[in-house]
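Encoded as structure tokens, the structure appears first; notes follow it.
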Amino acid sequence: MIQPVSDLPLWAAMVVAAFLIFGSALALIGAIGFLRLPTFYERLHAPTLGTSWGVGGIMLASMVYFSVSSSRPVLHEILIGLFVTVTTPITFMLLARAALHRDRAESNGNVPEKHQHDLEDVEAIQGNAEEN
Amino acid sequence: MSAVILLTAISIAQLLIALAMAIASVRMFRGPRAQDRIIGLDTLYINAMLMLVTFGIGTGSTIYFEAALVIGMLGFVATVALAKFLMRGEVIE
Amino acid sequence: MNGWEHHLIIAPILVPMMAAALLLFFDERRRVTKAMISLASTIILGMIAVILFRIESGPNDFEGVYLLGNWAAPFGIVLVLDGLSALMLLLAALLALATLVFSLARWHSVGAHFHSMFQLLLMGLNGAFLTGDLFNLFVFFEVMLAASYGLLLHGSGPLRVKAGMHYIAVNLVAALFFLIGVSLIYGTTGTLNMADLAARIPQIEPDRLMLMEAGAGVLGVAFLIKAGMWPLCFWLPTAYSAASAPVAGMFAILSKLGIYVILRLTMLLFGEGPSAGFGATVLLWGGTATLIFGTIGVLSSQALGRMAGYSVLVSSGTMLMVLGINDGAISSGALLYLVSSTFTISAFFMLIELVERGQDAGANVLAVTMEAYGDGDEDRLDEGEGVTMPGTMAILGTCFAACGILLAGLPPLSGFIAKFAMLSAMMGTGAIGVPPTPAVWMLCVLVILSGVAALIAMSRVGIRTFWSSLEGVVPRVLVIELVPVMFLLSLTLALSVQAGPAMQYMDTTIRTLSNPAVYIDAVHNAATVEGWKERAARSAEGQ
Amino acid sequence: MMLPYPILAVCLLLMWLMLNGFSWGQLVLGALVALFASWALASLRPDKPKLRKWWLIPKLVTVVFVDILRSNLAVATLILKGKRRPHTSGFLLLPLEIENKTALALLAIILTSTPGSAWLEYDSRDRTVLLHVLDLIDEEQWIATIKHRYEALLLEIFA
Amino acid sequence: MELVLSIAIGVMTGCGVWLILRPRTYQVIVGLSLLSYAVNLFIFGVGGVKSNLPPILGDGVVSSTLSDPVPQALVLTAIVIGFATTALFLVVLLASRGLTGNDHVDGRNERK
Amino acid sequence: MGRFAPCSPTLTAQRGIWGIGITFEPFLLVVLLALPFLGSLATGLILNTTSRDLPVFVAGAVTLLAALLTASFYPALANGNVLRFDAQWLPQFGLNFTLRLDGFAWIFAMLITAIGFLVVLYARYYMSEDDPIPRFFAFLLAFMGAMLGIVISGNIILISVFWELTSIFSFLLISYWHNNSTARDGARMALTITGIGGFCLLIGMLLLGNIVGSYDLDKVLASGDVIRNHALYLPALIFILLGALTKSAQFPFHFWLPNAMAAPTPVSAFLHSATLVKAGVFLLVRLWPVLSGTYEWFWLVGLAGTLTLLLGAYFAMFQRDLKGLLAYSTISHLGLITTLLSLGSPLATVAAIFHMLNHATFKASLFMAAGIIDHETGTRDMRRLSGLFRFLPITATLAMVASASMAGVPLLNGFLSKEMFFAEAVETHADSILDRALPYIATLAGAFSVTYSLRFIHTVFFGPKPTDLPIATPHEPPHWMRFPIEFLVIVCLVVGIVPAYSIGPFLQMAVESVLGNRTPEYSLSIWHGFNLPLLMSILALAGGALLYILLRGYFARCEDGPPFLRNLRGQRIFERVLVTVSWRWARLAESRMGTRNLQPQLRWVVACGFLAGLLPLYVSGFEARMFTFSGIDPAFAAMWAIGMALSLAAAYMAKYHRLAALVMLGGVGLIVCITFVWLSAPDLAITQLLVEIVTTVLILLGLRWLPKRNPDMGAFISLRGRFRRFRDLVLAIACGVGMSFVAFAVMTMPVPDTIATYFLDNAYEQGGGRNVVNVILVDFRGFDTLGEIAVLGVVALTVFALLRRFRPASDSLDMPEQQRIQNRFDEERPDRAPGDTVRDYLAVPSLIMQWLFPVIITFAVYIFMRGHDMPGGGFSAGLTMSIAFLLQYLAGGTRWAEDRLRILPLRWMGGGLLTALATGVGAWFLGYPFLTSHFRYVELPLIGKMPAATALLFDLGVFSLVVGSTVLILVALAHQSVRIRRVRSHDAAKTEES
């Protein structure tokens, strides 16, 4: 089951390498953003680079690599991608909402106060949406 | 040739991921709030998973796949619990 | 011992485990059923222990090697039944029987899953006594410890929880030491089987040997924590005195497990060869400190429970010193002492609860937490059950006196016999007329002093407990609470009367232990049953 | 009821085969496991989603796939630009028409997975969701995009 | 690898030891967790460390070159037992906190 | 061992007297010894009887029978023969149950049984209605048995055994009236001193045994020269003397005896005149042939004896209490005997033996008389007693005769032995100051004894009518109560007048049995001519009388205790020392040597572990040599840089930022997982990951119940605190460095030939699995796994049991702050219902989590099925499965989840254990040991070849148990929230009601 790395045709190696670099670079950029962005809500966006196409790139690399090297379609990496895609939103949603609650409770930062925009505001926003 | 390309790519990818992990852990230290730390942990998990997959490619072995799959499928549970703890003060109500 | 009875070796582990598993299927409310299962298991265990003990008392040496999973010796796990393990099994079974019966009066119902934990404790103990594999020893240590955590906390309450936390914290660190030690030993010798280890030690290179010894040292600390060597023993009096009476009664053997393992391993691994005498100095001086500390503790204890806890230390200290001196005759005397002191301390712990029950009528039976929140499903103590015995105070007093006599090492009970055997061996340790070594003198003096301390403390406390309180309420004591105490005490009397045969057994045991080659050969030569593949092949050929 | 969630069961079987590789034995085993797992889900009694135009799913997947890729690149650029870029992030209250919980969940997954937009707070009473957008230049355009590209499609797919 | 791993083990041991000597129950439980990581890695390490040679047999695998499976099996047992005891210690510290009203390991209020 | 050759039980007898057979007679010794103990059991067991006569009858019968039986041995011993009974007890150590009766033992046995009978008779009348009679006689008989045991033991260890028994029973007898604190204290002091003495005696006997090579009394008695010339002679002597002198209340251990006077008078009459206190001097006589005659013996014994003689007499004069006077007098007389024994001359020993008998008779009668006085008047205070002759003429007469004997008045037995003493005192034995002073000391003590005897008689029986007696009109006791005194007084007279025809032969027999061929010529006659001893007697009598007259007035008004030495109260010194040493110092030492706190304990434990690990290396001089060192992978190193930083951060933050520390810990765990993958352990990685997840949730579940913590709490750290922290830091760094060092050493060392090779070679062929780790876990070392799941199971049970009684601290009782804010918000808004926030919060996530449920279950099955060949297995699968359950609890809350899922964790656990066990036991039926695995490929239609291994079944058990345990732990914790909510609403309802 252990395949030596050199067995791969060149085109496949290049594809794999590209996907690898692409995915890991996205992961790194996500991390950089996560470090550099100033507020929590902005930082929230950065890791999704890693969880979306960061994972995607590396999974594709893996799929290509193993499919070519074992000359049969190896697709189980899809599962990882799928699960990451499905589960990451749970984390982010829960966490973001928790952050929102904390910020509101401590009234720090300019987060929209749920109790400030009363019904008129909501209607106004809805109205805006309908106009478009 | 393909081996050189692959090995280089894998090394670069691993280093990039390691760097990403390092950055995520910097956020974990710096915070400033708990939510930052938790997202940091989540990022660490995802990057660790990526690291495992690249390691798998590097060794040409699918044996390490399950470990990555476990992270992918269940890694979020800890983070979810942390998030819910932040929001509700209780993990299971 | 071949055929079916060969499987008896593993029965002391399986029977309680089976019982524990069965118990899980019954709801807490079916208390009687649970008690019956537990009791039946313990009785069966007792019978098995007696059979195994009688086998070991016989003339045969080492047929008791059980190859688990039919894997040959150094590879699979082996169970080894020898004189020492048979003795410890019997001791555990007798103690279990007594404490279980005692607990049936009331204690088993103050918390959930008492019987399961009790049975698993027995499983852990018996496994630790039987196993011939170092890592398997760790596992059974952990089984025993985990069950003991549960049992210590049984009944809850601030005292127990605090004591339990300390006990658990210390033992968790001990478990880590155990792991470090075992892995170092594996890393340097490449084996986990104790007999194989003993056989390999003479052949390993000096660099590895050092690391192996480092491992053995760390491992030793883990056992010494269990055995309660000073300064690793501070948790012990607190934990033992906080435990509920039957649990403390059963705990009396836990510290002996530490002693057992040290005895087994030092005799096996460091009896001869390049590391001979490894750790003896530590055992001697640690034992001395323990004995002194225990003695001081016995004197300074106000509460009976703590006094009993310190008595455990006295007993441990004595044993450790003996192990440090490592003289065959003293060791066999010490083995008798081990048995005697275990019975004594166990009986004492149970007795204490009965005695103190009279002092603040049942208030301490249930911890303060009880029904703080009115949970309807919580168990309550049935105060009304049973008939109290006539002459309770007289019987309690007699039992207390017996305990005092045993602890002080006064005749006619086995405390004296055991002490005498040790002291006599110490005096006779040189050739005729040659005075004993300083270490032996020290042990001798300390043994006597600890007896004196016990005498002073027990008379002080006994008088206060039984005689000073004029209006003392006669405690409600049930027959099934007194019987176990009297049972254990009568065992000490029996041990005293039958000192000759008992000593004979101990002597044989120690002699076997001090000849590791017998053990090693027995384990290495134990034959596997012909595999089913080969069997099938042979039968195919035959056709 | 033998097979409470047929699509789920099929998916689980597929997952099983992906993990174990195909063989007839694994097919049978996988089918059994899938059946068992479906029953397990049935005991939770979740809302059973009704698919109307399931053939639109591939379209949705493709759209999302590409959109995520695009926003990946966009956000990556944003991050790499660093402090030179103007501060444009902001909150956005998005009114929703979707009532089906599964569709809502899908929308949440899509929006969260897409870098640049984050799902913060859903309010079942006014059926709005509070989003955070990294590059919020035109609020209304954002709302429109989401509603047209995803919500409409989801509304079609689910009854 | 050995160097990295042994330094890591040392650092985790040091942190763990420091923490278990602290007065708060929570510190102790974190310390115990760190210690058990260190010890698990230690056990794991005694068999010698090899990369990409998992003890899984297959066609064309030379069994003698594979990693030592015994320490791995031991670590697995240790992980399980560590998990169990962590859970237990946690609950005990909760109970202690409930009964004494504070989270000091000795049930004392504040250090004098 | 081997010092003591085991001997077979032998029964030896010289001559049959009963004509029944040669072996029967020694057996009668056993009967003699057993009689009192059996009698004790009999009376003790008649606890419920209201009859006072039954126990008395039993006791009387037993003592009389014992006395007669003893008497019946006389003919057999008369010619210097010895009766021996021998049975093995602990032959390995030379402890045999040997009984040995010779002349000396006989005369003592006679004394014990006869006076015992008299005391029983006396006690019948003495004890009051309220006293629990059976207990008294049980103790008394048991004591008598023990005393007989000392006397007839033929093994010096056996003597020790009975010696200690007398201490125990005397303790019980002295404290018979235990409601009286004086009795309790007196008894305790007696026990402590004689008990310690007993221990010393045991050591002495052991040393003697070491010298001689046997504990057999005959062998010991035959080895006098060896003993006296041995290096251990002095220690042995000292220890034996400590035993004997404490028991016989010799200076400086004398003070327990006066305090023992709180005992009922029959006890005093028996123990403190005739038996217990005589045990010490008995032993000195018994061992006299082998121990005496040395310089050390002379000085040690002599000094103790003379001082006791003098001080005892001096103290006796100034006692207020009748029994106190008698007690000090006893001390003095025992000092006399000891002094005699110290001299080392056979003649002195004869005198000693003779005086032992005489003292027993007159002192017992005096005690009984004092008891009658006490009984009839209600007091023993000599200042209140006066002129009792008119009420108690007969008792008074008897007491007067007995005191005269005590004073050494001619024609009474006391005179004879005292004359012998004086005669010996003037002889020169070992020329020294002590020897030269002895005549004066003897005379002075004699004078004192006359004085106190006179005081006893004169103040009590003569003078004016008493005025303030508790019982106004005393009268003579019943005749049978007086009978014992009468009997003893008659003995005094008979022996005093015709010694040679009464005590003569018996004394001769006793003396011969002790001294053997050294037996001197002596004459037992009243008149030896006018010689120096007679002059001394006269001087003593006259001087004593004069002294009494002079001191009469002083006695009447003086305080208790003698002048000059009043403050020398041995008992108080003893008590103070005892309290100081055994209580104050012990407590101090205990607190210094020990601790009840966790931190110092763990500090010790860690330090010991550190030392234990590094000392062997240090001692053997370990050199760090690099053996095989593979290079460093940069990514791996980078990861561990992170890991180490995270663990440091966790350590730093654990105090105030719990959640942060938990997050860091999770990070470290993750790095550990990757390490496992990196270094070829995928199984470990999966398991570690799953454990990591569950543990995080677990700790979070617990965090809710911990108190809030903020950094400004306890910001000030004292200097001591700083020192402690510094010390801990040093220890932590030391441990870390040490661990690194050892880890590096062991990792880089060439791998030894390990058992792993066998596993790798045989896992597939024999175990039927490719994943060697899993084959080890479920097959090669499946037994470990069985234990491991037991651990998990029992921990789950413990957690469950503990949480059933869980009571959160009051400040954790409230709803978490977040929930309060969110609920308030929901309540305030008109368009929202309470709980909307959390419902909305979880709306989408919970749906996804529900749909993940079947997916995770499928995954768990996958992990389980592949375990034997690939990474995975029962444990990982079980954890995965429990995470699936956990997720549902997270998503919907406890109520929601339990409404839908009926997980019965205990069933899972029990089923798991039973499955694993059954798999193991199944092998038995095929004739294999427990846990022997079987596997084969099964051909299934359509599916093809499928592996079927019993190991898989075993793993199923593991799986089931892991699921059950993990869920039980998590659910038990989660339930606390629900439970507290119920409590809260319950409390709220209550407050509303009131």
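The letters A, B, C, D, E and F name the chains in turn, as written, and every chain counts its residues from 1.
We take it that a residue touches a chain if its C-beta (ideal position, glycine included) is under 8 Å from a C-beta of that chain, and two chains touch if they have at least 3 such contacts.
Just so you know, these numbers come straight off a predicted model, no measurement behind them.
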{"item": "Both-way neighbours, i.e. chains that touch subunit D and touch subunit A", "value": "F"}
{"item": "Chains in simultaneous contact with subunit D and subunit F", "value": "A"}
{"item": "Pair joined by the larger number of C-beta contacts - A-F, E-F", "value": "E-F"}
{"item": "Maximum centroid distance from subunit A, chain identifier (CA atoms)", "value": "F"}
{"item": "Farthest-lying chain, centroid of Cα atoms versus that of subunit C", "value": "D"}
{"item": "Averaged-CA centre spacing for the pair subunit F and subunit B, given as whole angstrom", "value": "60"}
{"item": "Centre-of-Cα separation between subunit B and subunit A, whole angstrom", "value": "12"}
{"item": "Chain centre separation (subunit A, subunit E; CA means) in Å", "value": "32"}
{"item": "Separation of subunit B from subunit E, taking each centre as the mean of its C-alpha atoms, in whole Å", "value": "21"}
{"item": "Residues of subunit B whose C-beta touches two or more other chains", "value": "14, 17, 19, 21, 34, 38, 40, 59, 61, 63, 69, 73, 75, 80, 82, 84, 86-87"}
{"item": "Residues of subunit C touching at least two other chains", "value": "135, 139, 142, 146, 149, 153, 156, 161, 165-166, 169, 173, 180, 184, 186-187, 192, 369"}
{"item": "In subunit A, residues with contacts to at least two other chains", "value": "1-2, 30, 32, 44, 51, 76, 79, 83, 86-90, 92-94, 96-97, 101, 114"}
{"item": "Complex contact set, residues of subunit A against subunit D", "value": "26, 29-30, 32-33, 36-39, 41-42, 44-46, 48-49, 51-53, 75-76, 78-79, 85-86, 88-89, 92-93, 96-97, 100, 111-112, 114, 117, 122, 125-126, 128-129, 132"}
{"item": "Interface residues, subunit B side, partner subunit E - complex", "value": "59, 61, 63"}
{"item": "Parts of subunit A lying in touch with subunit B, wherever the complex brings them together", "value": "1-6, 8-10, 12-14, 16-18, 20-21, 23-25, 27-28, 30-32, 34-35, 40, 43-44, 47, 50-51, 54-55, 58-59, 61-62, 65-66, 69, 74, 76-77, 79-81, 83-84, 87-88, 90-92, 94-99, 101-102"}
{"item": "Residues of subunit D touching subunit F in the complex", "value": "5, 8, 12, 15-16, 19-20, 23-25, 28-29, 33-34, 36-38, 40-41, 43-47, 101-102, 104-105, 108-109, 119, 121-126"}
{"item": "List of subunit F residues in touch with subunit E within their complex", "value": "596-599, 602-603, 606, 628-633, 636-637, 640, 643-644, 647-648, 650-651, 654-655, 658, 661-662, 665, 668-669, 672, 675-676, 678-684, 687-688, 691, 694-695, 698-699, 702, 705-707, 709, 713-714, 721, 728-729, 731-733, 735-741, 743-744, 746-748, 751, 754-757, 759-761, 763-764, 770-773, 776-777, 781, 784-785, 788-789, 791-792, 795-796, 798-799, 802-803, 805-812, 869-871, 875, 965, 969, 972-973"}
